[in-house]
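Take this structure first; my questions come after.
Letters A, B, C, D, E and F name the chains as they come in the text, with residue numbers starting at 1 for each one.
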Amino acid sequence: MNLTLDIIYLIATITFIYGLKYLGHPETAKKGNLIAAFGMGIAIVGTLFLHDLVVPTFTYVLIIAAIAVGTVLGWIIALKVQMTKMPELVSLFNGFGGASATIIGLVEFNKSIGDPTQTTTTMAAIIIGSITFSGSVVAWGKLNGTMKSLIRLPKYNLINNVVILGLIVFAAYFVWSSSSSQPLLYLLLFVALVYGVLFVIPIGGADMPVVISLLNSLTGIAAAITGILYSNMVMIVGGILVGSAGLILTFAMCKAMNRSLFSVIFGAFGSTQAVAGSQSVKGDIKHATVSDVAILMNYSQRVIFVPGYGLAVAQAQHAIHELEQLLESKGVQVKYAIHPVAGRMPGHMNVLLAESNVEYNKLAEMDDVNPEFKNTDVVFVVGANDVVNPAAHNDPSSPIYGMPILEAADAKQIIVNKRSMNPGYAGIENELFYNPKNSMLFGDAKTVIQSLISELKGM
Amino acid sequence: MIIGVLKETQEGDNRVSITPKIAQQLIGKGFEVNVEEHAGANSSYKNSDYSQVGAQIRSKEDLFNTSDILIRINNFDTKELELLKKGQIVMAQLFHKLHPQHMEIISKRGATAFSMDAIPRISRAQDMDVLSSQNNLAGYKAVIKGANEMTKIFPLMMTAAGTISPARVLIYGIGVAGLQAIATAKRLGAIVEATDIRTETKEQAESLGAKFIMVDNSGEESEGGYAKEASEDYAKRQKEAVNKSLFKADLVITTAMVPGRKAPVLITEEQVSHMQNGAVIIDLAAAQGGNCEISVMNETINKYGVKVIGTTMAPHSVSTNASDLYAKNTFNFLVHLTHDKNLKWDLEDQITEETLIVKDGEIRKS
Amino acid sequence: MQILEFIKDNLHLIYILILSVFIGVEVIKNIPAVLHTPLMSGANALSGVVIVGAILVMLQADPTDYIALTLGFMAVVLGILNVVGGFVVTDRMLQMFKKKKQ
Amino acid sequence: MIIGVLKETQEGDNRVSITPKIAQQLIGKGFEVNVEEHAGANSSYKNSDYSQVGAQIRSKEDLFNTSDILIRINNFDTKELELLKKGQIVMAQLFHKLHPQHMEIISKRGATAFSMDAIPRISRAQDMDVLSSQNNLAGYKAVIKGANEMTKIFPLMMTAAGTISPARVLIYGIGVAGLQAIATAKRLGAIVEATDIRTETKEQAESLGAKFIMVDNSGEESEGGYAKEASEDYAKRQKEAVNKSLFKADLVITTAMVPGRKAPVLITEEQVSHMQNGAVIIDLAAAQGGNCEISVMNETINKYGVKVIGTTMAPHSVSTNASDLYAKNTFNFLVHLTHDKNLKWDLEDQITEETLIVKDGEIRKS
Amino acid sequence: MNLTLDIIYLIATITFIYGLKYLGHPETAKKGNLIAAFGMGIAIVGTLFLHDLVVPTFTYVLIIAAIAVGTVLGWIIALKVQMTKMPELVSLFNGFGGASATIIGLVEFNKSIGDPTQTTTTMAAIIIGSITFSGSVVAWGKLNGTMKSLIRLPKYNLINNVVILGLIVFAAYFVWSSSSSQPLLYLLLFVALVYGVLFVIPIGGADMPVVISLLNSLTGIAAAITGILYSNMVMIVGGILVGSAGLILTFAMCKAMNRSLFSVIFGAFGSTQAVAGSQSVKGDIKHATVSDVAILMNYSQRVIFVPGYGLAVAQAQHAIHELEQLLESKGVQVKYAIHPVAGRMPGHMNVLLAESNVEYNKLAEMDDVNPEFKNTDVVFVVGANDVVNPAAHNDPSSPIYGMPILEAADAKQIIVNKRSMNPGYAGIENELFYNPKNSMLFGDAKTVIQSLISELKGM
Amino acid sequence: MQILEFIKDNLHLIYILILSVFIGVEVIKNIPAVLHTPLMSGANALSGVVIVGAILVMLQADPTDYIALTLGFMAVVLGILNVVGGFVVTDRMLQMFKKKKQ
């Protein structure tokens, strides 16, 4: 191989490492993506031109045409897609990568016959690539709504395991027999595609991101395996990096959702239960993690805290004051919206916040602050419930009907911190929690705020 | 519609039911407001403050003759009620259950009576709830008064001349007044303990830094956030649980009440005799008979080295704030009752229904 | 014992694999949850590195082997879609981390 | 050596210079302690408390006849001093600079006088420093008294019946009393501002949460942490800087003093007339002439809608703590002065030197 | 090479990675050390026995004897040495490693002649190895006190640079000329040794740890280079790991000392100044870092806080309460020792700590707490000064003579937090700060305590 | 351009070197200051991995080449001293991190 190309690959590999590294921090993520894209670019261009093969112009034109078509298409799709549709797009793209690996495997299959190592490699590329492909497409369809979210086959676990075992035996047969049968090869391909479908289909919609991440990790491995075919370092190292990082990410996502990977993949029943637990007549509730909220606040201009009785119960007055000061030091404007009957006695919030020396001019009265919510990036409701319950406006049968409330729903984003879905003093459900703009951050107010503080300090 | 604001006649009550600011708001709503001479003087509001915002200063007689609604904080006496005219409305804390004879007179005169103390404790009535707004101030002031009467200070201090141990404050009854008393005493650095028959108040007391003294209340009833009368058995258990704290306390504040009844006796004379030399008891339930056996309303009793102060007067002594809040409550109540200056008489509405004691001579509640 | 043989022949490669795994893991752990999706998307773009293999397929294909060329063409298109689309989507996702204030 | 503990004669002073606990400690050190009848009564200490620890209860006459050291908190009057015998020692807050005639009598009688108020403000004398221990309590009590007198409450409260804005407290003089007043007012939730001629007090005030009102003090002197008399020019600058806060204040506490001189007048009658209706001034310097022009010692003056209370009595009203601390100070002082029950007369020692006003008839300080 | 050996080396390499990783956290550090030692053990044993060479028994005996002698010696020395002498021992051991690399280079030199790659490698091994050796020995001597701490040669920078340049030219000559001259080789060795001495000798005693770390990193590189000679993976990867980790560590140490690596090596003058800044008639003061103090507290049983006026100035009452609760939650007993005149008014500390709800029973009076200091692991003096000043006992001329103080000096370890060496209210110096058991933790009390909290939370 | 030649011949090795540097750096950064000395000591013990080379020197030495044997012997002794001493000292340093409580 060409030495310059070697060095280019080496550089590309290093950009991949830095790219992933930088993607791990909000401040550097954008830079990381660009660096990795740059590395990919030079690797592609290098591959195209720095080789010792004699390539007819026709082929070159074809390749460049393919690249041009793909680039333009990819770019346009990526720019056009709505923000909310991005996860399914990622899934689709990932499937394309898998398909690409499969095709390479198919093409290389003939050349590899006889060399067990090479055959093993092509087999792996075909199988993993096509599982990723069909799996990703299913995932895309599910997120898209094209496919029904939860399809359950009877005994699907058993079936799946049989299929995957069959696939392995099938592949082993190829390696061992040095068979070059094309029909058999396409049968293998077909079975692998089917397995991909079977694998993803029983998994619940809420767990899709985890699955995509897992499939993504698989694509990386497929790329690495294909790289072995060509002894191509950038494919090998790049693929493995994506494979391992993707796997870790998958685990991290599971952890953030409080699920185990096992239960995502196999315990599809568990999954339905978990989803049901956070469902209600009112719709779905969304969960936020501490780091989500920390980043959200960090990148806001205006934040309003709505304290309630729970803040007093948690004795989180000192913590919230520290959070306020920290945010202010980062250039975020913070206010406390004090509802006249928040807490359990008149002036409860005042007593509480005075204890931690919150400045009086940071406390806003309900009537003054209500018009401000609509210009507020994040409203953080801590241990409050009734005082932000829209039932006071909407539901004449509710015991709090007619009470003025803090119009938290006007804000661009709502975060509610409480320990559970239990109601407050008035004993009624709160529709705000099901507002699409709202995410719940469950936990004791003090603990949660302290975690927010450490998270924010790390930014 | 003419609103007549009467000066308070009760000894030591410095409040006024409508402040100049609220008078202005009422006038803005189209009401005519007449104010008795010097009605606001004790709350730092001068006659001129009222006339400046467009209210008329009148004599008491005038008010009784011309007003559609007569407003005051405290109850009317019989003589005053005899002056009422048919169709006139009185609005005050009438405590109709304790004073059925007053209702009789109002009824006889064919007048109408709204009782401010009967405003239901529901969410949307919170801004008219005079009991809450006044009891809250009472809780604060009870602690300040107690601290002023004590011969010790509240906070712990480790000084070159020795250590002053923190005062121990014990609070009976964790309603609105009790909670504010806890908060205030805690702020000043005391060790605060509190007890209540309703165990749901434990978390509330603790959220303000007090230690809750738990008394087994099995068998006791409560209703809508209010306590019912306690059994004798409960009283015994309570004494057992609380005595240890009571006998060490430097300041005791009692706020326990049962709506429409005499306040329960929680501290007997015998218990007082075991208390610390120099201790102070502030009995905020004194007007309802007192939570302490030896307390007398509006008096300070010195017995067994203990000062027992019977009062409901606490809010009166912070009359400026108390008047502001009371007036605001009254304003919200009037706005709720009326539509375009006229009473709606909407008896479907819980607030109107429960506060309207006498309607055009007909006694609706007793 | 072909596997052992393979290991022996590709010792360096195995070191490289193992070291890469370590780096992949070290570099990603402790990532905040808000970055999960962008990172997934970025990693997805990176996994498009198969495009290099797809290009090689075409480069090495016999100019008359239309099947190989066609397949290769598809592979390149799909691969580059993955790469370009992946990076662009990631970049868009990361817009939210632009400091709004000044 | 016989110590005689006299009962305080000054009206309203409930303290006692030696408490039973300290009496016991003195007896433990070998002193004989005689206590005047009912000396401790107002601080909740009974005669029996003293006799239980081994002190004798005696009449005042007896004490004057038999004691080697006569101890009291407040100054003696001329008649009492005439009773002194040669070699007898008196120990009290004599304020010798203000009362040279008293020193004359003591000298004439050939007696000895230690003045407790003259204890130097040095580190090792901190545990004998009665000014610190008593002023500290005064600072606390001034706020409590002020809060009790006010018709408003201290903290900010946003309630259903409207928002109560926090009280504004202004403190003149950030010595020991001023600092404790800041701390106490701040605890109760007031907005506290403070000023002092010594700018080094800025950081101290801020460390307790008060806003410091800076007055340019160039040209003014201070000495050993004490202020000297301020110039007229300073007084003018001070008024300009502080008036804005003064006229908004709900409670003003003045503590400014200059050792050995009349207290400076910081608030003139004209200023009072611009203050808020309902405001309260507590003048802790009243005994030294007062920081407020219209304040009178031990009186409450109502003028221009402002209550002006002249007092140094604050520590007396927390007599239990005040007596404990004073007694402990006295004990430490006695221990310092004596060795094995006998006075050391160590005039090399700064504390002895500065407190020994008259020695066996010779006036050493004036 | 033997396949089993390859696998053993692979495993050893992985243990090295884990070892280093675990050494980075207090909880796992011990385990990390053991894992790495295990890996080293199998690598050595494997090397000894799993090879295809025919080795005479005599040689075996010799090798095993060498190992035995070295093991016993190393073990005994390491166990016997005093805790305080450990850094110099590390330096010495490091030097031995360098010497070992040098010797290997010398032995392999002859075989390498002619092959430029090999010759370059041997040259590098000899030069780097011997610089490390002589440098480490000098560092050892300095820490030991055997050598005068600061020896300054005139124009030493110039001399050093000339010598190192000469070395490189010399080595290049060997590679280029394929010379096999032994005398020249030993001249090279000698010059390299001299350079090591020259390199370390001008560096100040306080900077020695940084130098040792740097030399350590060099030894790692020497090992890796030697590894290339034998194409030995464990040496290569292990050596590079140590090399890179050591370099990062060197930078970290510089940062912790607030010095740049450049100023450590070249700016020896700067170094003397820095040391002088923290010297005084009373002796040296020691600095602690936040993480030092955090770990110290974390592993203590009893900690006493001594708050003073500075705590009030910093308004750190909430922070210290949080620190107290955090430590208690980790099983550390925490008390506050309240001096009667701490602060600026009677009861100042009480008011302050009551604000943050510190429990009254955690506050100990001076007379009660003074006897407890001697059983206290760490006393943390925050913003206090006069109230712990031993001059009150010792110095009759001091204005605070005769005042009772908190006997912080009785504790096993003292940490004083203040912003500077400025005196407190009494305006006098405080000998406690020069107590050998004391370390200063400079900074605003609130900031410092908050950093302590985040550090402790990460443990 | 021998260096380029070398790179070409040892491409895998260079990958390994670079990846190792990454790991070394990733694994160590953010280490608390108290662990500086133990880590230095531990890394020092690891750098004793030259012992492997020293053993190889002796194994490969001609049994009659006394110079090589002697030098090798020294190299082994010094190397093992570095290893054993290094690990033991590190272990002792880390005693302070034993939880005292129970």
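Criterion: a residue touches a chain if its C-beta (ideal position, glycine included) is under 8 Å from a C-beta of that chain, and two chains touch if they have at least 3 such contacts.
Just so we're clear, the structure is a prediction, and the values are computed from it rather than from any experiment.
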How many hops, at fewest, get you from chain A to chain F via touching chains? 1
Need the graph distance between chain C and chain D over the touch network, please. 2
Call it same or different for chain B and chain D: same when shared residue numbers make up over half of all numbers used at their interface. same
With chain centres defined as mean CA positions, report which chain is farthest from chain A. D
Check E-F against D-E and say which one is joined by more contacting C-beta pairs. E-F
When each of A-C, E-F or C-E is compared with A-F, the one sharing over half of the residue-numbered contact pairs turns out to be C-E
Considering only mean CA positions as chain centres, point out the chain farthest from chain E. B
Using mean CA coordinates as chain centres, what's the chain C-chain E distance in Å? 41
Cα centroid separation between chain A and chain C, in whole Å? 18
Residues of chain C touching at least two other chains: 12-13, 15-16, 19-20, 22-23, 27
Show the residues in chain B shared as contacts by 2 or more other chains, in ascending order. 126-127, 132-133, 136, 155, 157, 159-161, 164, 187, 189
Residues of chain E that contact two or more other chains, please. 17, 233, 237, 315, 340-341, 346-347, 351, 355, 357
Which two-chain combinations touch? A-B, A-C, A-D, A-E, A-F, B-D, B-E, C-E, C-F, D-E, E-F
Using the touch rule from the top, collect the residues of chain A that touch chain F in their complex. 3, 6-7, 10, 13-14, 17, 233, 237
Name, in rising order, each residue of chain E that touches chain B in their complex. 338-341, 346-347, 349-351, 354, 357, 360, 363, 365-366
Residues of chain A touching chain E in the complex: 315, 318, 321-322, 355-357, 454, 457
Under the stated contact criterion, what part of chain B meets chain E in this complex? 155-161, 163-164, 166, 189, 191, 209
Within their complex, chain B touches chain A through residues 122-124, 126-127, 132-133, 136, 139, 176, 179-180, 183, 187, 203-204, 206-208
